[in-house]
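Each remark here refers to the structure printed beneath this line.
Each chain gets a letter, A, B, C, D and E, in the order it is written, and its residues are counted from 1.
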Amino acid sequence: MARKRQKRKSKIGLAPGTLLFTGQQKMEKAEFSVLIYNEDQVQEITPKNLEEVIHLIDTSKDTLWINIDGIHDESIIENICSKILVHKLTMEDILSVGQRPKIDEYENYIHIVLKMLMLNKDDEVEDEQLSFILHKNILISFQEKTGDVFEGVRKRILEGKGFIRKRGSDYLLYALVDSVVDHYFLILETLGEKIETLESELLVNPVESVLAKLHHLRRETLDIRRSVYPLREVISKFEKIDESILHPDVRVFIRDLYDHTIQVIETIEVLRESASGLLDLYMNSVSNKMNEIMKVLTIMASIFIPLTFIAGVYGMNFQYMPELEYRYGYFVVWGVMILVFVGMLIYFKQKKWL
Amino acid sequence: MARKRQKRKSKIGLAPGTLLFTGQQKMEKAEFSVLIYNEDQVQEITPKNLEEVIHLIDTSKDTLWINIDGIHDESIIENICSKILVHKLTMEDILSVGQRPKIDEYENYIHIVLKMLMLNKDDEVEDEQLSFILHKNILISFQEKTGDVFEGVRKRILEGKGFIRKRGSDYLLYALVDSVVDHYFLILETLGEKIETLESELLVNPVESVLAKLHHLRRETLDIRRSVYPLREVISKFEKIDESILHPDVRVFIRDLYDHTIQVIETIEVLRESASGLLDLYMNSVSNKMNEIMKVLTIMASIFIPLTFIAGVYGMNFQYMPELEYRYGYFVVWGVMILVFVGMLIYFKQKKWL
Amino acid sequence: MARKRQKRKSKIGLAPGTLLFTGQQKMEKAEFSVLIYNEDQVQEITPKNLEEVIHLIDTSKDTLWINIDGIHDESIIENICSKILVHKLTMEDILSVGQRPKIDEYENYIHIVLKMLMLNKDDEVEDEQLSFILHKNILISFQEKTGDVFEGVRKRILEGKGFIRKRGSDYLLYALVDSVVDHYFLILETLGEKIETLESELLVNPVESVLAKLHHLRRETLDIRRSVYPLREVISKFEKIDESILHPDVRVFIRDLYDHTIQVIETIEVLRESASGLLDLYMNSVSNKMNEIMKVLTIMASIFIPLTFIAGVYGMNFQYMPELEYRYGYFVVWGVMILVFVGMLIYFKQKKWL
Amino acid sequence: MARKRQKRKSKIGLAPGTLLFTGQQKMEKAEFSVLIYNEDQVQEITPKNLEEVIHLIDTSKDTLWINIDGIHDESIIENICSKILVHKLTMEDILSVGQRPKIDEYENYIHIVLKMLMLNKDDEVEDEQLSFILHKNILISFQEKTGDVFEGVRKRILEGKGFIRKRGSDYLLYALVDSVVDHYFLILETLGEKIETLESELLVNPVESVLAKLHHLRRETLDIRRSVYPLREVISKFEKIDESILHPDVRVFIRDLYDHTIQVIETIEVLRESASGLLDLYMNSVSNKMNEIMKVLTIMASIFIPLTFIAGVYGMNFQYMPELEYRYGYFVVWGVMILVFVGMLIYFKQKKWL
Amino acid sequence: MARKRQKRKSKIGLAPGTLLFTGQQKMEKAEFSVLIYNEDQVQEITPKNLEEVIHLIDTSKDTLWINIDGIHDESIIENICSKILVHKLTMEDILSVGQRPKIDEYENYIHIVLKMLMLNKDDEVEDEQLSFILHKNILISFQEKTGDVFEGVRKRILEGKGFIRKRGSDYLLYALVDSVVDHYFLILETLGEKIETLESELLVNPVESVLAKLHHLRRETLDIRRSVYPLREVISKFEKIDESILHPDVRVFIRDLYDHTIQVIETIEVLRESASGLLDLYMNSVSNKMNEIMKVLTIMASIFIPLTFIAGVYGMNFQYMPELEYRYGYFVVWGVMILVFVGMLIYFKQKKWL
């Protein structure tokens, strides 16, 4: 998950509520997709322009889900949001992609911001900011670009599976947030597998490149953590939203969602601990390697330096060195040197260095 | 305790409340066992099929404990649970073996999820998810497979020992949870013994294999901690369940259970501290070994390198080297070398390196 | 951000509420600037002396923003503050530049102290204490010296952009605090870039000078953290100020501001983690370099010390050393030495030290 | 303080409230001692059997303190406790010596469990579980064995010193707990002195044995901490006990006791910090010793290896080596070698290695 | 700040409320000083004996400040305190110099305990226990010995500066506590300067003695922290004292005092961080020095050991060694050795070890 540099600087000095997209434009043109449904029927529409969408807001009495991919065009966001009397600050938040996950209650709507996590082609984690506006029977979702984790929800609506068609826009909002959270598990499993792979590598050959990978994984875990942690509070507040907006039957589902959020957070902590454990293992293996290197050096030097000294003594050129003239002097010296050698081996053996 | 990879992925996209077993099937066929009792009489039944169980639920007025080993068959769970109007989300939780310990209150029943810890044949900790549904006079317990820690409770019911036969299904639920917690102490004692064994090994011979074992034990402790920590809150909420479900006489027992839970958690913290202390000890012993190795090297090199130099000087082939012609030159050099040698020994002795 | 030594000592023994400037005088003479506006008109004034300012306070009915650059002259602060019945302790706080960010409610006014962070010419972070007094339609801001982050606000007032002209002094106070917080993001981005630069440097060449820079950056992060952390509570209290002072329409803007404050704090934590991560990386790279150094030493010594010993043996001057007389003795020794050399290379290759 | 292995295993499967002593029997036979007193008179009794004790409970109207040394005989505990309608779970707690300090309120009595810490003959800390039952005018104390910290209280009762005779069983309970807490200070002072002794040893000669002692002291501190920490909550709850049990005049004494408990806990934290500081000191001294060792090696090797090389050059046997024939060649070489030697010394001096 | 060994042991076994001075007597005889004042007049008295003090308590209607230097004489404390019906436990606290800072409310008085910090002649921090009793118009302060930080307050009373003469004993108590807290800043600035000095020393020459100083400073910081931390709660409770004792006009001053306390605590945390940062710096500099030492060794050994080997080869005495007879053999060998030497230099240059 690349640490995105946001265009914060460009906002400095502007009035609060000034609409300015702070992300990178990821698609050429915003695209709309709409689902209108009640218990009996469902209709899928792909509006071609903003006017069609506005018309649907004006006329629809059934549950209306409007999804918008692409939020770089401030005027589109402003037009749709104004239609249902959304506050300027909310619009600003939708356009600020560096938002922290949160839930805001206004008089006539609630606003939820989330981070949707997905894996890209290189198996790296990518995040995308998701905003939801829930206003009466209408749910509007804003995405940075095409592609999301809502296929299951769409299918259930279209095929009429589960409770979803029997319930209103509040349950739909729950179902979408639930999809996002379910997907976190997938991300975390992938991350967990990467850490396990790294552990195996590390046990086999603790080279320095493993450390760089580990550093990268720890950072990725921290980034995900930051995206997910605030969710705990968001879901907890979501569960307490007024009954006029949230049907009591839906509340129990949100309690279930809260459980999942806790599980996600716990899993992240497990991953962090695992990564820390690996770092410790690495550090220890480096220490152990150093010990081994030093042992080899010490053994070689301790054995051969004294032997070399002995040889050096009898390489001296003094005129009177009685040993040199002994018949078996040379062999005696060899004997002494072998004795020293063997003695040293025994000494190191005793110290368990060999 | 192997970190089980759960089949989370298979659930992505499914409707909340979709019944899908997420664990590994551990027995061929679910098995039922039933105890019906009041103060005066007790009856043990092994129903052969689901219909028999359903029939018992319909007819029994006494305290009825239905235990189910094997939850891989979703239809069985669904049939029994529907009979007593259990919510779809609860059924889903029973089937999701990666659940975090929790207690959920519904209008007509309470639902508790726990992790039962047991030692397998290799003395490794294994966990099994336990779910309880308490509905009026009926208690249903769901296990992943045959084998549990409830033999004491069964015996007390059958033999009419203790208070158990005088009280209802609420006390039974308490007694079963209490058995699970009592068993945690056994697990923790085993773990504590393993850590003590490791400490002895480490003090005798701090080899690298000890580190791997220590790493393993720390992880096991962390896994148990995760299974047990949420229990504190579960039992605390259990104690506050409404009087209509929980008889005041039972409440004081749950307070006692709460004490035990705190003790379990405290013991886990002690084990964690011990394991951390061992890691410190290991690190220090590695440092000390390195120091010793370096000392040997330094002493050997510092003594023999100067001596070798002296010998080298008198091995030079200059035509005019007056010392070489001295009658006792050779012996004087030997004297100097012995002086250097002894001087070095004294120096290292003073530094306490010898 | 230099750790300013404050003139705390000079205050010891003085009565609480004694007016004494504790900072360094940064401009020769205090300067005033005033904006008076309502929805329809706006007037910009640069009062030449205190009397003019006092006169404006007495007469103005519209929203009146008085900005004072330079707080070293205690009498000016006292005169203005007394005019609107500000407590002696508040005046003292305005003059104490080592104040912690806070909000104080008094019967007739509220007082906010903040740290404004700006980059100086050397790209170092500098802080300046900002105090605000909000009293009915009047807002007074106190700065240590000329130069601030309010240009955007002034422009919006003068050009009548945004809501600012439609609202009163409460919204003005919000807008100014919001400007300060917006500027924090700029500071943090700059710091983030410095840390990233350092990371690249460190990966290329982990020299000691990088460590000093890292030490400096960690301290800077800590200093900023101390300036920003208390803001969370300040803004949270600000949001709860009584409706008689804070119009309900403004409250929602302060909630938005609170979000930003949380984001700022979170970003600081990210920077701290990054800096810690870098320190770990550095430590590891030092360890790895040490390992490499030791490997080179060990390999060189292990190979050549035994070879030197062999050469030493045949440099001895014994009269009877049969090998010396062999025709091919010299070449056989060379062979043995090459064998030892190659054997050593293979040994180190196997250990993966080469 | 030896980590006592409790007989937890033996309790698994038993009904809650089953009376089973889990400690080690420390005396042959339980012993009773009784004090009956009011403001005017006091009577000391040593009952020979249980019946006498029961009789006293039945008849005494004055404050009655029954102390029992030895709790291994479950039937004695059961008989006395039943007499005053103590709950089975409380009896079980009295018999479970691994209890965590706590206070339990029942309808007709309160129950306090504490750890009494004393020094044994080897100056090691030993703990003993203490239970108190306060029921109307009766206070019963249960100890594992003879020997306690209550001599001062007994003396004050017998001699009529202090307020103790003027007050009832509630003040007596306070006075006993106060004695236990006062004794903690003694234990902590002893521990503090041990740590200071260790610090002196460590500064003089940081050998490995000091580390083992330090490891031992840290563990002892942790054990004490675990015994004392829960006391904070116990005393805090004690202070809030209903007025029907606790006379308002006694409450202020318990507030004083609470202060002492906080002081005890703070002192433990100081000891922990000191022990951690010592570990850091030790680690640093190990690093410094390593540095010194390496310096000696580096200096010796760096000086003599080049010199040896020079000598080696002129030990070569080439037929044509002009220097060898120079009249003063030998002395020139000596000069060069001395120059190298001195140069090296200056180099190391500049580096401050010498 | 020397860790005072208190005479705790002597108190074991005594009744609560037993008056026993636990500190070291620091002056021969207790000394009294008294200030009586109202808005119009002030009177300074130095009572010669206890009776005079008692008489003043009996007769004075104005604000009466009695200061007592020297608390080793229990009877004096008891006599004065009994006069205004102070509880025995409060008297005991006044005499126990190891008290933790606290505030206690009694029906007829409030009691505050603080630590006054001052620098002694050797610039070391010394603490002294201060107790205040506020009873109606009377404030009594108890000090361990002569010398305090109240000169400013005395001067303001005598000269009638500030509000102090217009207000009662409650404001006086505030003013004295405020003086103590103001003085903490002085202490912390001195400590901060010591740490900065140490940092400079450490950057210039990281010798072991610096480590000892750092160890000392960390301990001093921890001691101060322990004296100051509880103040936060004390002042917070002080602010909430009932209006019958604390005039509303004084409350706002205490809020200001609370701010200062928070600032003091924050500054202590900064000092702790700085000290930790220095320890890290020291550790790193030790590692770096080790690296440098090893580099020198490795370079010297790697260069000269192979050269010595080459020289050794041609020092062998084989009868048939063709190279020895070559006319330019000696010079060729010199060439080879220079090549090896330069090659090594280039190799180390590339590795950036040179």
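Here, a contact is a pair of C-beta atoms (placed from the backbone, for glycine too) under 8 Å apart; a residue touches a chain by one contact, two chains touch by 3 or more.
Owing to the predicted nature of the structure, the values given are computational and were not obtained by experimental measurement.
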Chain E and chain A - chains in contact with each: C
Would you pick out the chains that touch chain B and also touch chain C? A
Hey, how far is the Cα centre of chain A from the one of chain D, in Å? 43
Could you work out how far the Cα centre of chain A sits from that of chain C, in whole Å? 27
Chain C touches at least 2 other chains through residues 290, 294, 297, 301, 305, 308, 312, 315-317, 321
What's the ring order, kicking off at chain C and moving to chain E? C, E, D, B, A
Any idea which chain D residues touch chain B in the complex? 5, 8-9, 11-18, 87, 89, 92-93, 98-100, 102, 104, 106, 205, 208, 211, 215, 218-219, 222, 226, 279, 282-283, 286, 289-290, 293-294, 296-297, 300-301, 304-305, 307-308, 311-312, 314-317, 321, 323-330, 333, 337
In the complex, chain A touches chain B at residues 149, 151-152, 155-156, 161-164, 174-175, 178-179, 182-183, 185-186, 189, 252-253, 255-257, 259, 262-263, 266, 270, 273, 277, 280-281, 284, 287-288, 290-291, 294-295, 297-298, 301-302, 305-306, 308-309, 312-313, 315-321, 352-353
